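Quick notes on the structure that follows.
Chain IDs A, B and C follow the sequence of writing; residue 1 opens each chain.
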Amino acid sequence: MSLLRISDLRVSYPGPSGPVEVLHGLDLDVEAGARVALVGESGSGKSVAARAILRLDTDAALAGSIRLSGTELTGLPAKRLRAVRGSGAGLVFQDPLAALNPVRTIGWQIMQPLVIRGVRRSEARRRGIELLGRLGVRDAGHRFDDYPHEFSGGMRQRAVIAIAVIAEPKLLIADEPTTALDVRVQAQVLELLSGLADERHMAVLLITHDLGIVASFAESVVVLRHGRVVERGLTDDIYYRPAHPYTRGLLGAVPRIDADPSVRLATVPPGTAAADAGPGDDPGQPEMPGEKQNETESP
Amino acid sequence: MSEPLLSVTGLVKSYPGQRARSVDEVSFTIGRGEVLGLVGESGSGKSTTARCVAALVRPDSGSVLLDGQEVTRARGRELRALRARMQMVFQDPYSSLNPRMTVEALVGEGLIVQRIECTASARRSRVIELLELVGLSADHLGRYPRSFSGGQRQRIAIARALAVSPELLICDEPVSSLDVSMQAQVLNLFRDLRERLGLSMLFIAHDLAVVRYICDRVAVMEHGRIVELGHRDQVYAAPVHPYTRALLDAVPLPDPRAERARRAAQSA
Amino acid sequence: MTGPGATSLTARLLGRPAPLTARAGSRRRSPVIERVAVAVVLFVVLIAIIGPWLAPQDPYLVNLPDSLQPPSMAHWFGTDVNGRDILSRVLTGARTTLSATFIVLAVTTAIGILIGTAAALAGRVADEILMRVCDVGLALPPIVLALGLAAALGPSLTSAVIAMIATWWPGYARLVRTVVTETRDAEFVEGARMLGVGRARLIFRHILPNSLNIMYVQVTLDVAAVMLVISGLSFVGVGAQVPSAEWGAMIAAAANNVQNGWWALLFPGLAIALTAVAFNIAGDWLRVRTDPTLRGR
């Protein structure tokens, strides 16, 4: 049985004239300990899917099924859902600064998932410091009591990862975990995630637009476009034998350090909503890609 | 060998409250028709350098010579004339265009301010020409930026910059905020424009692969200093400075086999 | 290195797409209530304009025999202690109260924009000086200044209005200064500077139009506040004086005699309350409508 099984997931957000569906029937399986990448550009619905799994948006309407270790998440009452968050599945966000509470110490935030599960503070602190050290934070014992603004970007992201995994979830959902980071820090963070996943036999669902990090991290890939899956397969198959023209276009459009620079970058073929037709915004926007944003500004 | 178009020497800039200098004795040149890439991580000082060259920020010391004219001390009419010769394209397509101006007004503003075209109809034809140059059309004249995608907004920004026929285009992370597909289109556009118009460019980016696609020479910045500067192929194939090497090693390749090989080599 | 997720004020003003995290938790009022509120606002403004002509009777005519009559067919809202028809006074007072309110807002907005913009753009020294002047204004509560002016010039609606203006403009100046400071550093302003756009054009074509959004909404929200303060000043006797039909003054006059004539207190009180609430809700609706990050809510 898969650790995470998503069947025909449809997500709608309220729009100016009624609910707008932004994810049109996602099927996705993540086995225990597997590494799956959900790849897409903005407006593809990948972040929407990530947020839907843990029901983070109260205004999102879900249809379909999300099963985590056999438990159906979609109809789950809030209390049980809270129990799942952190120990069933952990979530790492793109922007560590926004994900961290600025007025609480890093340590306090890392301990929270344990404390609310009844772990004694001293024990939670010990485990938190150990984890932070494992994630490469030097002098973790002291830095544990620092505030987010005293950490650098890479450090903050490590803190966010610590918060997400300290309650030993079986699944880690990482939504653009390295986009805001410098390239060397990015490499380190991905190493860490990889190491953690191996140690704990933790599955990772990596959500990203970056085809570079997917190649080194994921075993299988699902490609999303405009809320639909256009291709899925093992990483090697996707990269070396892409079937769908969108996937091919995407791979050809990425500049590579080892490619011949005189070869022109490929352009992605237009789809149901042409890439250039309208605002390619984050899927959170109620407007469908291709529609003009029609809100008026004040006079 | 003609004189370089842009000659930057000993540029220094520090901000109050910061311990180290943002820009610490930076020097480089850009020849006519040449593209120089400036790479570095956040905090390396590359954006500040760009803004000093563009005369948006006054450096503490150092000189920026555009075709022999000193930019850092120019003011008033002299500055305005210099401005026509170098333009900037910014990173964020959402905040680099005045949301209350139509595409026509945005692209045409340079024409008005630099007194390039005298009549409204002449301006309009020139604007349409520019829009077509960047892959847009006359249909877009009366629309506002908010109804365009990020990639299209960058094109509008590029058209706006080209309106005054600059010789040097300073691009500060122009594709970093764009999706992969739009990024490719805008990068191709830069290459085409450079060929057609003989533009020189100072191209700033943190993405080493992007820089390699566009640039002839590359400068690598760390903590406000240039640690390596050379021709593209040389820097990428045989980097001298350890920092450059570290950066290149960290760049992920969209190639699973190559990545596995690299990992194996590293752990060996 | 920053992705499209900034939440700065400028970003919101420029219609940047909102990050998902910014959306969770906002709630929307029932659209019915909002429409009712806007209708009430329009209605009140209408009354302010044509009220005096609608009044069935002379609002100033003293008619002691008819003193404190309860609401009846002859007097829909009853009469006050001087026998004046309350309905007529409420209708007429609308103009007094609201025009005083709008004068205060118009003048303070103008001063606020001028000073705020100057503080943000004219350099550090000017900024310091102007902000200290603001501090003086902010430190003074309107009532203290109104009492002072009343003592010096004699109490009147005019002295109340002057007192309000003098103490209200610093709030706007501060607000404008904050927004202009942020807009001044926006990339589109840098882009304009790159083109060689001169100072004047930069301010009037680029900076100001993108900074004043906030003012429209803030002013709408402040209508209720200013109105309440003006009425309050009249209530304590340093604003509009009898026989003026200003709502606050009417409440003051009626307060002594509530047990004999509750209607003299109720109707002007209701008028103030309903107008204030309606403007608040309408102001809130305007804010939601013009804030691009709250689209769809």
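Please note the rule applied: contacts are C-beta pairs under 8 Å (C-beta built on N, C-alpha and C of every residue); 3 or more make two chains touch, one makes a residue touch a chain.
Keep in mind that what you see is a predicted model, and the values were worked out from it rather than measured.
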Set of chains adjacent to subunit A and to subunit C: B
Interface with more contacting C-beta pairs, comparing B-C to A-B: A-B
Chain at maximum distance from subunit A, centres defined as averaged CA atoms: C
For subunit A paired with subunit C, centre-to-centre distance based on mean C-alpha positions, whole Å: 46
Inter-chain centre distance, subunit B versus subunit C - centres from mean C-alpha coordinates, in Å: 47
Euclidean distance of C-alpha centroids - subunit A vs subunit B, Å: 31
Junction residues of subunit C - those touching two or more other chains: 1-4, 15, 17, 292
Two or more partner chains touched - positions in subunit B: 42, 99-100, 146, 150, 206
Interface hub residues of subunit A, defined as touching at least two other chains: 42, 182, 279, 293, 297
Subunit B contact footprint on subunit C (complex, rising order): 1-4, 6, 10-11, 13-17, 186-188, 190-198, 201, 205-206, 209-210, 292
Of subunit A, residues touching subunit B in the complex: 41-42, 153, 182-184, 186-187, 190, 209-216, 235-236, 239-240, 249-258, 261, 264-268, 275-280, 292-293, 297
Residue numbers on subunit B that touch subunit C, as the complex places them: 42, 54, 56, 79-80, 83-84, 87-88, 90-92, 94-101, 109-110, 113-114, 146, 150, 157, 160-161, 163-164, 173, 176-177, 206
Residues on subunit B engaged by subunit A in the complex (per definition of touch): 41-42, 99-100, 146-152, 179-185, 187-188, 191, 206-210, 212-213, 232, 236, 246-260, 263
